[in-house]
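Down below are the structures I want you to see.
Same chain, two partners: chain A is paired with chain B first, then with chain C.
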Partner chain A sequence: MIMSRPILIANHLTKRYGPGCPRCRDHTGAQHNSNQCQACKTVIACDNVNLRVFPREVVGIVGESGSGKSTVIKLLHFDLDADGGEVFLEANGKAKEFIPAEKNVLELSTFRKRQLRNSVMGIVYQHPHLGLRMNISAGGNIAERLLMSGWRHVGDMRDRSALLLTRTEVPVERMDDLPRNFSGGMQQRVQISKALSNEPALLLLDEVTTGLDVSVQARVLDLIRRLQQELDVATLVVSHDLGVIRMLTTRTLVMKNGQVVESGLTDQVLEDPQHPYTQLLVSSALH
Partner chain B sequence: MLTVSNLSKTFTIHHLGGKQITGFAPLSFTVEKGKSLALSGPSGTGKSSILKCIYRTYLATTGTIEYESACFGRVDLAELPEPEMVRLRQREIGYVTQFLRVMPRVSARNLVAEPLLRAGADLETACRKAEALLARLRIPAELLDAYPATFSGGEQQRVNIARAIISRPHLLLLDEPTASLDKASIEIVVELLNELRGKGTTMVMIFHDPDIMNALADVIHHTRSAETAAACCG
Partner chain C sequence: MVKFSDWFDSSLNASIHAVYSFAFIDEGAKREIRRKTLKAVAIPGYQVPFGSRDMPVARGWGTGGLQLTLSLIGTDDILKVIDQGSDESVNAVNIRQFVERVTSVQTTEDTTRATVIQTRHRIPEEHLKDGQILVFQVPIPEPLRDVEPSERETRRMHAEADYSRMWLFLYEDIVRYREISIGARYPVMVNGRYIMDPSPIPRWDVPRLHQADTLYLFGAGREKRIYAIPPHTRVEPLEFEDHRFRVEDFSGRRCTRCGRDDTYLDELIDDASGTRVYTCSDTSYCAKTEREKAV
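Now for the complex of A and B:
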């Protein structure tokens, strides 16, 4: 049997804040316990990150606050511009016509990037206000996303929004309400609906349950697991919570100070962690 | 089917200044297709760690684990790329321990049906097979929709076993899966496992109870502590 090709390949992904200097490398990274160069004060938010996601697979990125997890997600979603590296995406549907699999998508024009993102990706941010417009209705948020991926018929969009909200367990009666008036858990559900509206090939989840009450967290996680099984969408899950990683992912990357210090099958990373940092992370989580 | 050569495991504990802890000393064994091998030896000789290395929950420190895969042909499980290992876990290799390590809030039926669904069965068939297997393991029908997290130890173990064997893995790793079962349940489990063996499943197992071990094992491999191994083999 031949394994299918990864749907996402990222090589040497790098993001800096600052001018950079020849000594940055000597000052930053897990080994130096810092992501900031002492010489030029540049922050290396993400340094030389390599990752692959295969079809249907759920891959996790775990690490402490500031380790660069969200940066990786934002680079992949073109929310940020990378300072180095390359990304290849197995486009589906319409995007296939204009994006060959061998094209480094970081080099696409802004217009093409937006097109690719709209047809291939879905994202859920930790803070609902990043993913939702709080002053337009829940249904309107989803419709807006549908418009971007080429939908035109108002009735169809409304039906689709209702279906998505039902799927994510948001009462359809609330469709015309503003997300501002929703609970945190419900806002995340609307974000998930929106992220799934274009049937993405790649779903990016950044700390989706952080900040929610434990019981609400559990329900959102259940929902993600169920949707994941139903939709077979390849997913990248970022979380500092090992419980979330254990529950959702099959493979995991561990980040510290902008670098990937370890990666492996999730149960292996949790039960036989190799890197000192991962060992610390695991032992402090399990007491 | 499975040839383990010079396999060993050492843990390095970084916060103890890189202290080395022996999981198990180098060992070698072979299991023919459809045969079962029992690991037997004093506590602390690393029997569970051996199974975990084969399943890649632990990374091997030395040695190779040659496995005849239906998907990929002959591979070394110690070095197989992770996506392929994931595929083998989904399609060919089952692992079951005495601990139910499952998702919270998933019903017993769905939990057991899941491996079949992942392998491409339709929901209807998968659920029917799950129900039949759970019935054989004497899980009361009214528990099918309940969450195993709330089950008794023995019920959890039976769900656990059902989940591991439902898709008839080619290689099955068993780590004391009957530890808290009563005699009647153990008999059913032994019967089920023997059926699987008859259908060609290869097994590597740990059972402390010599009766169960003898009922299931074709070969017994004796594990030794690192000191004993060193003293005898230099």
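Now for the complex of A and C:
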């Protein structure tokens, strides 16, 4: 099999809160079990993370709270500004016109970043209120992304929203209701519809099932797996839940204190963990 | 010193000129306002911040428009001031008399004669020519204020032409009411770049901003902003492909005074009979039509 080009390459991705100093590296990381530098008190949220996502692949990032996994996804979605590293994205469709190949997208202007994000990425956050406007109808939330990509026909946008809501198992009759009045699972499904509305090349899922009860979790995971197979979209899944990682992903990175401590095929990582932290993580999972 | 009561005594005009510079505001302030106006003309639809001065009327009563008028007006100019189309309302009369007092320029009610027209919430019905300047009084210069309360955020949205929130607002309006429910202050796209608040003019006047022969200037005194539409600029009301912009519908109605059926009409309730009657909002044009009929 010929290996295709990765859709996403992230090299040496770094984010810190604080001034940073030459001794930060000596104080932080998994081997020191801390992400705060004792010398300058800087918090290293993620340090030197390298990541590749290939077309149609699902990659997972697993780790405990504070390990920096959500920071990675926020850096990739330009929600946060990185302090170091580079990101290359295979632009698709319209974005090709303004994103030169081999361009570190972290160096783009905020305007270009937003254009790129609108045309290439879709994101689902843990908290629906981060991804949805609660006082705008569910259909309007989906339409917002379409409006960003230049749609100007109300009827067409409503047809597309209805289609997406059907696919994510939200009753179309509730399209004009406010997501505020929806259940948690339904809000999450609207978020997924919104993320998929512009046919993204890269889907980012940040703890999508955390906070949902188990049966709803199972339905949302089923839905994601089905959509992922139907749409062939490359996906990056961040979760602290090994069950989610096992169910969705083919490759996994394990993060601890802002660093990647282990990576490999999901089955391999979960069945034969090498790093002491991964071993602890796997043995602590409920069965 | 000029006493407050002396302002209302026109025989004292001479002494006012001795105390205040021509057109009330000092030359340095005028120069700043002209510079900001030039910038506004150079970037159609962009809101230029300016140092709004204290005026002898309260902010929110046309001080933005007044400062523009005072910094532009010269001794040869002929001024017209209207408020909602009327030359005779209190706001219009006060502002006209004030400018008259501090500049001694000629004033008129005839739109075609005026070189500078200061207006609140209307564009005169008669065609505005090259060389005339229309100065709008603007209460809220920020078209995105209804969708985003933060000034820092709206400035970012303008800078990046990130207007999806405004479009979303219109989309939600259509979903809820099957039509865009904005009456006055209908947002327009200027020169394909900036979304602009045309001040609270009715929809009726919005198409007249497009490719006009006249220079349109907008002054917001309270919010300290100046913006402009230079002559022959593209100005498009925001609309969807399947929900087009439309103006107020006065079909079957006409002005009870002059009989015109092609002007923007005000609705009045006749107290005695309780019936609705309609009259032209532009009073000087209405009177002109009546005079022409009488001849």
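Throughout what follows, the second predicted complex is superposed on the first by the 284 of 287 C-alpha atoms of A that agree within 3 Å, B and C clash if a C-alpha of one lies under 4 Å from a C-alpha of the other, contacts with A are read in each partner's own complex, and residues count from 1 in each chain.
One rule holds for everything that comes next: a residue touches a chain if its C-beta (ideal position, glycine included) is under 8 Å from a C-beta of that chain, and two chains touch if they have at least 3 such contacts.
Keep in mind that what you see is a predicted model, and the values were worked out from it rather than measured.
Asks: Tell me which touches more residues of chain A here: chain C or chain B.
Replies: So, of the two partners, B touches more residues of chain A.
Asks: Looking at the overlay, what does A:271 touch: chain B (first), chain C (second), both, or neither?
Replies: After superposition on chain A, A:271 lies in contact with chain B alone.
Asks: Would you sort A:250 into first (chain B), second (chain C), both or neither based on which partner it touches?
Replies: So A:250 only meets chain B here.
Asks: Touching A:54, do we find chain B (first), chain C (second), both, or neither?
Replies: The first partner, chain B, only.
Asks: A:140 in the overlay: touching chain B, chain C, both, or neither? Say first, second, both or neither.
Replies: The second partner, chain C, only.
Asks: Does the superposition put A:154 against chain B (first), chain C (second), both, or neither?
Replies: Touch partner of A:154: chain C, not chain B.
Asks: Kindly classify A:114 by the partners it touches after superposition: chain B alone (first), chain C alone (second), both, or neither?
Replies: After superposition on chain A, A:114 lies in contact with chain C alone.
Asks: What is the contact status of A:225 with respect to chain B (first) and chain C (second): first, second, both, or neither?
Replies: first
Asks: Of the residues on chain A, which ones does chain B touch that chain C also touches?
Replies: none
Asks: Which residues, counting only chain A, touch chain C once they are in their complex?
Replies: Counting only chain A, the residues touching chain C are 110-111, 114, 133, 136-137, 139-140, 143-144, 147-148, 152-157, 176.
Asks: Considering only the defined contacts, which chain C positions touch chain A in the complex?
Replies: 156, 159-162, 164-165, 167-168, 171-172, 174-176, 240-243
Asks: Contact residues on chain B for chain A in the complex?
Replies: Its residues touching chain A are 11-15, 52, 56-59, 71-72, 82-87, 103-105, 117.
Asks: Going by the contact rule at the top, pick out the chain A residues touching chain B in the complex.
Replies: 1, 3, 52, 54, 57, 218, 222, 225, 229, 247, 250-251, 263-265, 267-268, 271-272, 274-276, 279-280, 283
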